[in-house]
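Note that the chains are named A, B, C and D in the order they appear, and that numbering of residues resets to 1 at the start of each chain.
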C-alpha cells in the first residue's frame, strides 16, 4: 500500500489566542485531514511554533494547497514553509578522509531510514571516491587549499547548483565553510562536531577532553553558521569514559556517537521536524 | 504572579476526520485560549488520543466548562475526563519498612515538584510513623496478616474514603492489593516494581537479576491491576551493573532507580499526562 | 612502531590466599612485565577470576611461556587459557537477510576495531553474497530447511572446520543452532537477541514489546547455548521508546542497539576480556 | 557478622617492571590476604597507579602495617596513602539555602551508603538549621559577607579543626572558597557544579544552557581548587532536555543530576577509590 501524499507545515510567529483552532479549522474547512499537530509556545518570548501534517482533500493539488496555506499563515503573521511528503529532498554529503559517518549515512539511506535522494558526494580528498562509486553515487573531488579557498568554494557551489541540492551534510568534512559560501548556498548545512558543545569547540576535541579528564565524551549535530561551532544545535549525545581510555579510545568511541547523533539530526531534518529560531532549534519528535 | 486556572482534558475514542479542528474550534468559539494540545493516533487500532489544556474565558465557571466539554466530547464519541489545574489531587502513600521512596516523594512534594496534597501515609508496619509525623503528615497503621487480609483491606478502604483520596501511591509497599480492593477503591493506584518488567516479575527481582547475570537492572512504575506486575507501564529506567556488583549493590543502585522512576510517574499522573488504554499508557510529556 | 607481543591469561578457580601474589610473582620471576591485571572474587561462591596480560622476557618463546603458565595455573587449581596478542582469531559471520549487523561488523573490522581475521560469511539465504564479495570476503550459502536441518548443520560444520574458525558470530542469523551442532563445533558462538533478555525471549520480540507497552527496548549479546536465549549474557543496552513508536519504529531503533551491543560483545571477546562461569560472564573491561 | 578490618592503599609513581608483583609479594610475605587489586598505567606519562586492599595477618597492628607499607612504597619511588577500613572519615557539609543535596546526602548516610561520620553542617545562611537539628546533626552558621570573607573563612577553619574533619562536601554551597582557605584546610573538598564542565562554568549554568539551546544538561562533581570550576573531575552525568523545558524545568531536572553525581563522587572518595593526579582523577570503581 502506498503512503498517501501529505503536507507538512512548519510555522512560527507572535503568539495570539486561537492559533491552534485557526490552523486546524482552515485545514478542516478545505476537506483536509490532520494526521499530526504539535505546538510549542515560548512563553518568555511570546512565540508560537507549530508542525502540522495533513492529508489534503482529493480534489486539491498539493502545490495549490501549499501556496494557499502559506498565504493563510502570512495573514496570521506567521513565517511558514510547507513540504510535500512525496517530494524527496536532494542531499549531498561533504566528506574528507574519515569514512564512518559516510558509510553510516549511506547504509541508512539504502535501508530507507532517510526519505531523500542522495545525489552526490563531495570530497576535499579523493579517498572515498571508489567507495562512493561502489555505492553507485557520484563523487566530486574539489581540493581545498587554504590560499585558494574562495576558488574551491566557487567550484563546490557550482556542483551543488547543478545537483539542485536541498541539504548539505558535513559527514566529518573537517573544513570550515565561509560565511560567503553559506550565504551563496542558501540551503541548510548540517555539521557533526565531535564534542558536547559548547565544551571543546574548535580543533582536536578528543585531545582536549582527554587532557581535561572528563568522564563523558559527546557529539553535537548542528546547523552550520558563519560562527564556527556556534550554530543551532539539533541533537547531542554522550558516552561514558574512564581514566583507562586513551585518546585513541575516545576517538573510537566517538565514532559511534558521531554516527548516531548525525543520523538522528539528518532524519529529523528530512522529516521536517526541525524549526530554527534564533540560535536554537525546536525539534518536533 | 498567580498561575491562571486552566482546564486539562484527556480524551480518546474512535478516530475520525476533523477531531483536532473540532476540539480546538469548540474551545475557541467559547472564548478559551488553548495553551497545549497534543494528539496521538494509534493507526492500527484506529484510536485517537488527545490532551488539551486551555484557559477558559473569564466569564465561564470552570465547573460548567468542564461539564460542557465532557458533553461535547461524548457527542464526538470520545471518552473524556477534565481536570481543573487549581484543584489539587489528594494523595496517600502506602509504605512498608523501606523508606527511600517515602522520603523522596515527600521531599519532592515539599519542593513543589508535585501539584497535590499529600493527605496521609498508610503503613502495614509502624516503622515510618515517627518520620511521617516529623513531616507533619498523618500516619495510619493497618497491620496486614495473610489470614485477615480482607479485614485489613476493609480498614484501609475506610481510611482512604475518609481522606477522600484521588490517588494511591505504593511507595515500596511490598504487598499485593486484591482485585476486590482495587475495584472498591475506584481510584488509580501507582506501584513501583524493582525490575525492568516484564523481566523478573514477582518476588526478589534483584536476586533473580543477579542469578541471571544481566548487565542492566531496572525499575518500572505502573498502574496496579488485579494481575500482579501486569498493569499499564507508565515509566521505566535502567542502570548498568557488572559482575563486581553483589545483590546488595543491586539493591542500593536499585533504590535510586526506584525513586527516580516512581517520582516521574507520579508527576506525570498528577499533571494529567497519562492516558490508560487497554494495558498500555499514552504519556503526553 | 609495532605493538609488542603479549600474553593474556584468563583463569578462574577456588579462591585461596596469595593468588594475586603468586601469579604476579611467577611472571616477574621469569622476567615478564605485567601490563594489566584485573581480579574478581565471587565471595558467595568462593571463586577467584583473573585476567592478566604481560610481556614475556625476550628470551622466552610465547608458545613455551603459554604452556608453562597453564601448567602453573593448574598447580594452583585454576582453569586457564592463554592467548597470544599477535595471533589473530579467525571469525565467521552467520547471516540471514538482514544486513545491518553484517555491514556494521565488517566496517568496524576494516577500521581496525576488531583484532581478528574475518575469514568467511555463511548465509542461509543468498541475499548477502554479492555484498560479501564486494568486501572481498568469501560467502558460503547453506540453505537450511527445517526437515533437513541436520544435513545443513553438517555442511556448516564442514565449512567452519575448513576455515579453521575460532569464533562464530550470529549477525541476526535468525535460526536456532542445535545442541549437537554447538557441541561438535566446540568453539564459542555469540548471538544478538533483539530484546532485553530475559524479557521477550523467543520470536518477534519487538512485537511483544509493543504489545506490552514497555518504555524501553533492548538488545542482548550472549553466548549461544542449547537453551535458546538462555546463554551467558555479555552485553545489553536499551533505548527509550514512547507510545508514538510503531513496531516498525522499534525495529529501526532496535537495529542501532543490535549493532552497538553485538560489536561491543565481539570486541570484548576478541580482546580476551570475557570469562564464562556457570551461566554468567565476568567481563574485564 | 562483622566485616574484617582491611587496609586500602592508593599509590602512584614512575612506572617500572615488576610493580604488581612487588606490592602483592610484599603483602603476601607478611601474611596478608589481598582482596582487591586494580592497576592503571598512563602509558604516555609513564605513571603507575594502584589501589590495593588487603586483610593483614592477625598478628599485625593495622597502624604498624600501614606505616610499613608506606615506607615500602617510598622505597619503590611511589607516593602512597593507606586507609584503614574501620576508621570512618569525618565529614562536614557546607550548605547555603538549597536543600536537595543536603537531604539526599544525609538520607544516604543514614541508609549506610556512606562509610563516614557526618559530624556537622556549616551554612552561610541559617535556613537549614532546624532541618539539621531534626537529623541530630550540629549546625554552624557562619555568615559570609563579601567584604569580610577572610574573617568568615577564619571562623569556618576554626570549626572544621574543632570537628577534626577529613572531608568537606560543598552541597550546593554556592560560594567560592579562597586559595588561602583551601591551603590552610589541607583536606579534600568536593564540589558539585550544576553543568557538564567545562561547558557553562561560572554562574547560572542552567540559564546559560537554556540560552545556548543544548539538548542535554549535566552536573559535575570535582575537587575544589583555587581555579574555580577547574578542579579534577570525579564524576559527571547528563539528562536529556528539549525546547519544551523552561529554565525552571532545567533547574528541577538538574537537582536530580546534582544529587546522583555528588553522592556517587562522595561514595567513591570515602571508599578510597579516587586518586588525584595532575588535574585529573583515576577512579577505581
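In the analysis below, contacts are C-beta pairs under 8 Å (C-beta built on N, C-alpha and C of every residue); 3 or more make two chains touch, one makes a residue touch a chain.
These numbers were taken from a predicted model, which means no experiment stands behind them.
If you compare A-C with C-D, the chain pair joined by more contacting C-beta pairs is C-D.
Within the list A-B, A-D or B-D, B-C finds its counterpart interface, over half of the contact pairs alike by residue number, in A-D.
Taking the mean of the C-alpha atoms as each chain's centre, subunit C and subunit D sit 37 Å apart. The multi-chain contact residues of subunit A, meaning those touching 2 or more other chains, do not exist; every residue touches at most one other chain. Those residues of subunit A lying in contact with subunit B across their complex are 17-22, 24-25, 27-29, 33-39, 41.
Those residues of subunit B that touch subunit D in the shared complex are 99-100, 103, 107, 111, 113, 134, 252, 255-256, 260. Remark: subunit A residues 40, 42-44, 49, 196-200, 212-216, 218, 232-238, 242-244, 246, 279-283, 285 touch subunit D in the complex.
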